[in-house]
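After this come two complexes, each holding chain A, first together with chain B and then together with chain C.
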Partner chain A sequence: MRRSPRRGLAAVATALVLAAAASGCGDSGTSSGSEGDGTGKITFWDNNGGVRTEVWEQIIDAFEEENPDIEVEYVGVPIADVQSKYDAAIQGGDGLPDVGGVSTSYLANLVAQGALDPVTDRLAESGLDQQLLPAMLDSVRATVGEGEELYSVPTSANQGVLWYRTDLFEAAGLQPPTTWDNFYTAAEELTDREHNRFGFTIRGGAGSVAQALDMMYAQSGIDSFWEGDETTVNDPANVEALENYVGLYNTVTPEADLNNDFTNMVATFTGGEVGMLQHNLGSYQDHIDAFGEGVVDGLPMPTQEEGGPHTFVSNPVDGLGLFKSSDNKEAAWRFIEFAASHEMNSLWNESAGSIPANTEALNDDWIQSAPPTQAAVEALSDERTTIVQLPYYLPDWNNITKADTEPNFQRVLLGEMSAQDFLDDLADRLNEAQAEWLEQQE
Partner chain B sequence: MADAVKARSRPLRRRRAGSTPRYLPYVLIAPAALLMLGFIAYPMLSVLQYSLRDYNVTKPWRNGFAGLDNFKEIFTEDDFFWDTLAFSGRWVLVEVALQLVFGLVLALLINQTFVGRGLARALVFSPWAVSGVLTSTIWILLYNPSTGVSRYLADAGIGEYGTSILSDPGTVFWGVVVAELWRGVPFFAILLLADLQSVSKDLYEAAAVDGAGRLRQFWHITLPHLRDAIVLSTLLRGVWEFNNVDLLYTLTHGGPAGATTTLPLYVAQTGIDGNEFGYAAALTTVAFVILLFCSILYLRLSKFGGDDQ
Partner chain C sequence: MTSAVIDREPLPDTAPQDPPRAGRRRRRHDQPPRWQLFVPLGVYLLFTLVPFYWMLLFALRESGSDSLVPWPITFEHFEKVWNERSFDTYFFNSIQVGVATMVMTLLVALSGGYALARFRFRLRMPFMLALLCSQFIPGALLLVPLFEVFRELQMLNSLGSVIIAETVFQLPLSMILISGFIRNVPPSLEEAAWVDGCSRLRGFLAIVLPLLRPGLVAVGSFAFVHSWNHFLFALMFLSSQDKQTIPVGLNTLIGSDSVDLGALAAGGVVAALPVVIVFAFIQRWLITGFSAGAVKG
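Moving on to the complex of A and B:
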């Protein structure tokens, strides 16, 4: 059969046109939308879908009842996938929501990609900024590192908590783990490997490095993440703290903890005879569900001496972001305002067991009857408490503390790498990322 | 009569010639061609294009044309790439070989006539019908130190509490191999059983008359007959196993300490967790070329379809 070069050319041209069309279709995901008329449909992405779906549905129902001309489409995104889903939607140029749950752990990434509208002016106009905890507003500001602009409305904060089984402690005649000495003693005393009893469960898999930082700084008492442009993670006091922490693995913890992510770690705690678990306030409901009231209590991270000052690393602040590409920003903002209001913010945080951003919600009854949350609020309010601000503003932060170093943390647990080498490597990566970030700021 | 036929056939021939324009075949294949361009060619070219760039969504100031820098880094600086490639090779060889052996044995068994054969066949094929997520969940529970096998063994005094095959670098490989084996064996069993049913019974009867035992019949009749099916199924399965991400990601997340990270899992971690899409695209391109080369080599060496030529 005779081939026609013209037809071949036409086919190639068609392919090129199609490819160009495919790559060029849609907006960039960072284009500015419009205010809209304050009615119609808005899309909301919950950044902890599944776990928080029920409470969000309650909030949405209440909002729609109060605003019958606005319909909210709820999309629950699992917490583990939310960042990649945002990234994909931004890069794909289509499908971003009007409002989305955003944590400060990836807020800087979204801002760097130009996906969010600043909400500073809207907050001031609505007066909501006067109702929100200044510390959380500061944390959101500091995350982005761009002066005074706020790119999310904070709704809640979390705090590292040492959860412990009060029944096991009482049976063994042990003091609650308020100090590090009490903690290490209890971990040892509660361990009876032959009878499937362990003093502690450690997070060795996904999320392990963030948790190790929590344990390190709380023990070392080092009050800042940076000393000049160099990180303090490999300070000798932190190295010693990490050695103590990883020394728990496979002595007072199950060997299987090596792969523990959040789900497995909580399952190990709730499914067996394990004395203690270090996690944030977010797992409170899991413990209640597993053991009922009164069997598990949560304390702020231990101190060096009884009644001494606490040192915490800053936990990510959860909030709501208004997406730049929204074509209905007025309605979207009304939804954000509603969700951050006293009643709704209280409802949400009661469900999550977290610390509400709305100051009025801090006085609500449920906080008084949730000892771990109350203890966390009190510790945070204590003037002697030091908060070590983690550099969530670094675009590489998640990459460094997850994909880059989690396998090495497992090597430390296995004894294949020393705590010093691990922290030196972590410090090198952080210093390099900080230097690059500073260069960009200039 | 002949004239009448001629008279009838003339208008027919004219109509056929008139209603079949020369471009018709192109029009007919155009939808398929466009779909292939859109869903195969475009993504592949897109990956190739990204592989020549620095592209990190969180650091737009770094983005730009990088030439072959990504490839240079892969081959000269990235030790983990070689580790994951070596693990991928070992994973594919062990998985495909074991799945083939067990699949063949099962296919031979359920090809026999016996009471309950239908149920046996359904049982053999059932893991293939289970979704990947469910498979992972089943094996997570089986390997879990609280709910799994190790717990019950420890209750019986065998081994220790709080252990898991997946948390020991010395045993994790075989832990994930067994889980994937469970999912992969039915694929071979189904394909090989289908081919086994087309072997002529006359051949076995003739061989039996000539005094050949069952083993000789298997070597000289069954196996040669299955050759093309084995080559094709091992090739397909090899490609799939090389690209396996879901089970390993769910069971071990590539750990402990990177011990079960395949090359595609490394790509996923680099791109999705690390946001380094340019480098991940370069890794993907390298993986594609390796896979293509190995597939062509395998087909050549195995002389696939040689009997038909």
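Moving on to the complex of A and C:
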């Protein structure tokens, strides 16, 4: 039987299409780039585009004035999608910037794909490493988990803060929530469900697990995320801490908190009917906008006893990465150096309400006049403070703590799952991811 | 069925000499009370319009205000997003993407839809099936291959890449819909035009195309609105600030730790306004178009 020539042509065409599609998935395309001559145009991706555009434009203007032969093209990328955009550009083999804002929450992923140049030597040569907070440098190193190599220059970090309404506390005769006892007492005292007033607002939606970890370790005081190769998240002390925390839901918090992401949570607090909120320093300006100066204060996470030592989980450190594919690395590095300098780093962090990485900036006036930021810096600098390093280096970290377990956290809030079962499940996933990661390292 | 029988054969106690009264009773019997219509519609409208009111409220009231009415009214948020957050640029980029996608989708879908409706060829049904199946493929799955294709064509960071990608994803459904509309136009109309000396193209343009207007409005508005709202391709293929579109701009208003709700609401109004205006003008044709496509010819 003769085959139709048209059918043959169709088969060839189909095969070509499939081959083209297959080849489209095979190129990770991270060329090694070059140093360039230190002039010309560089592209910078801001990983928190829009919100920080204004301050970055100031920094870029100042840089271009000082380096008239370098032009910086600013691209603001929405924070929620920056990792996807980096991934698409890496897999697509083109379009990566020369410099990009990189958080430790996805730094390991970029390093694993070979997208970033190490900056350890450049930092040492420039002397900038002596000006940056050792804790942040350690955090960046620990994120990648490859020894001493640094793959981004830290510029800022955030810190979990317990925000509270000073006016409501005063009116109710309550002590500031410096200890966990004060916190739980205030949460109850400030709640008046009949009049739609609540002591606390909890994060039940996106980002809930990260926040729960912050609350758990701060209460339990457990000083390490790992005990050998096993995580400590389901340690009995953490289970008890989580039970206390989720017990707040729908007793001293609004029922609608079940779906709270940080936007809704901050909006609930600034709505005026809630006494306390646990969020980082980044929402400081929102509170001032909503209530004016002096109505809201922020404290580091409470301690077990008054004046006792703090336990914090490591917050993602923001930094600037030098991309391997850059054809103008010299100019790109000069921009990074400039942005991490005292004056520029201070300017950026004042705008963002974050903790600067540049140690000289820590003494600037704006920090002294922002009590929550100053308190966070002091707590971080306290030798007794323990920082539990979260394993941001695990490639599955974001999946595990977001898509995989956030729905379960909502079930815990609703009483459909116990805190023990939730943490056991979380621990199993983390232990498995850690084992895989260790295997890859070998 | 029962009511039809009753209509034809009045009940014995209904006086034949009193038809107007019987008519009134029939109308009362056939038509539900008005409240049964307006209460559900009112509740539905409430659910639909409250979020819009909320958006307008945040967009028009001053920062920090907790008033439930936008008074004193302020346009500071609009000025901010339009002038400081480059929404003027994003808006015109989105217009370009939306209009170009709509035009290209209509042109290609008309040709393809006509072929599917009027010609009988081998593999026609498998082709239709493949078009339907393509609707199951999410855009994100093809992101990297598309990225590579546009890179090879040196079209990355150009609005053209987004327009082509959007058009490609709009085409299957548009083609199926338009082929349905064309099937509803009797072929005899075209044949009459051919008898009068028209070519197939002339016959199509002069006879079929004017009859497709409601369908074209429906498909075109779908293509426009979808590309206007679509975020992924613009985010991934465009890397210059001056090339971004409205959905990407809206996302940049949500920071990692803080959100300017006033600016976000104002941006939302700017994003929603063209779609609302488009639908206000085309709703008549839109409903006709979809009902025409739903009837098999």
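List of remarks:
Keep this in mind: the second predicted complex is superposed on the first by the 415 of 442 C-alpha atoms of A that agree within 3 Å, B and C clash if a C-alpha of one lies under 4 Å from a C-alpha of the other, contacts with A are read in each partner's own complex, and residues count from 1 in each chain.
Just so it is clear, a contact is a pair of C-beta atoms (placed from the backbone, for glycine too) under 8 Å apart; a residue touches a chain by one contact, two chains touch by 3 or more.
Predicted, not measured: the structure shown is a model, and the values here were computed from it.
In the superposition on chain A, A:P78 contacts chain C only, with no contact to chain B.
In the superposition on chain A, A:A112 contacts chain B only, with no contact to chain C.
Once chain A of one complex is fitted onto chain A of the other, the partner contacts of A:P254 are limited to chain B, with no touch recorded for chain C. In the superposed model, A:A267 lies in contact with both chain B and chain C.
Of the two partner chains, both chain B and chain C are touched by A:Q91. Shared-chain residue A:W333: touches no atom of chain B or chain C. Contact with chain B, but none with chain C, is seen for A:F198 once the two complexes are overlaid on the shared chain.
In the superposition on chain A, contact of A:G282 is made with chain C only, not with chain B. Within chain A, the residues touching chain B in one complex and chain C in the other are 23, 84, 91, 267, 271-272.
Within the complex formed with chain A, the chain B residues making contact are 23, 26, 33-34, 37-38, 41-42, 45-46, 56-61, 144-147, 150-151, 154, 160-164, 166-169, 252-258, 269-270, 272-276. On the chain A side of its complex with chain C, the touching residues are 20-21, 23-25, 27, 43, 45, 48-54, 73-81, 84-85, 88-89, 91-95, 97, 158, 262-263, 266-267, 271-272, 279-283, 285-286, 289-292, 352-353. Within the complex, the chain C residues that touch chain A are 63-64, 66, 84-85, 143-149, 151, 156-157, 235-236, 239-241, 248-249, 251-261.
Only residues 7, 11, 14-15, 18-19, 22-23, 84, 87, 90-91, 108-109, 112-113, 193-196, 198, 204-206, 253-259, 261, 264, 267-268, 271-272, 395-396, 398-399, 402-404, 406-408, 410-411, 414, 416, 436, 440 of chain A touch chain B when the two sit together in their complex.
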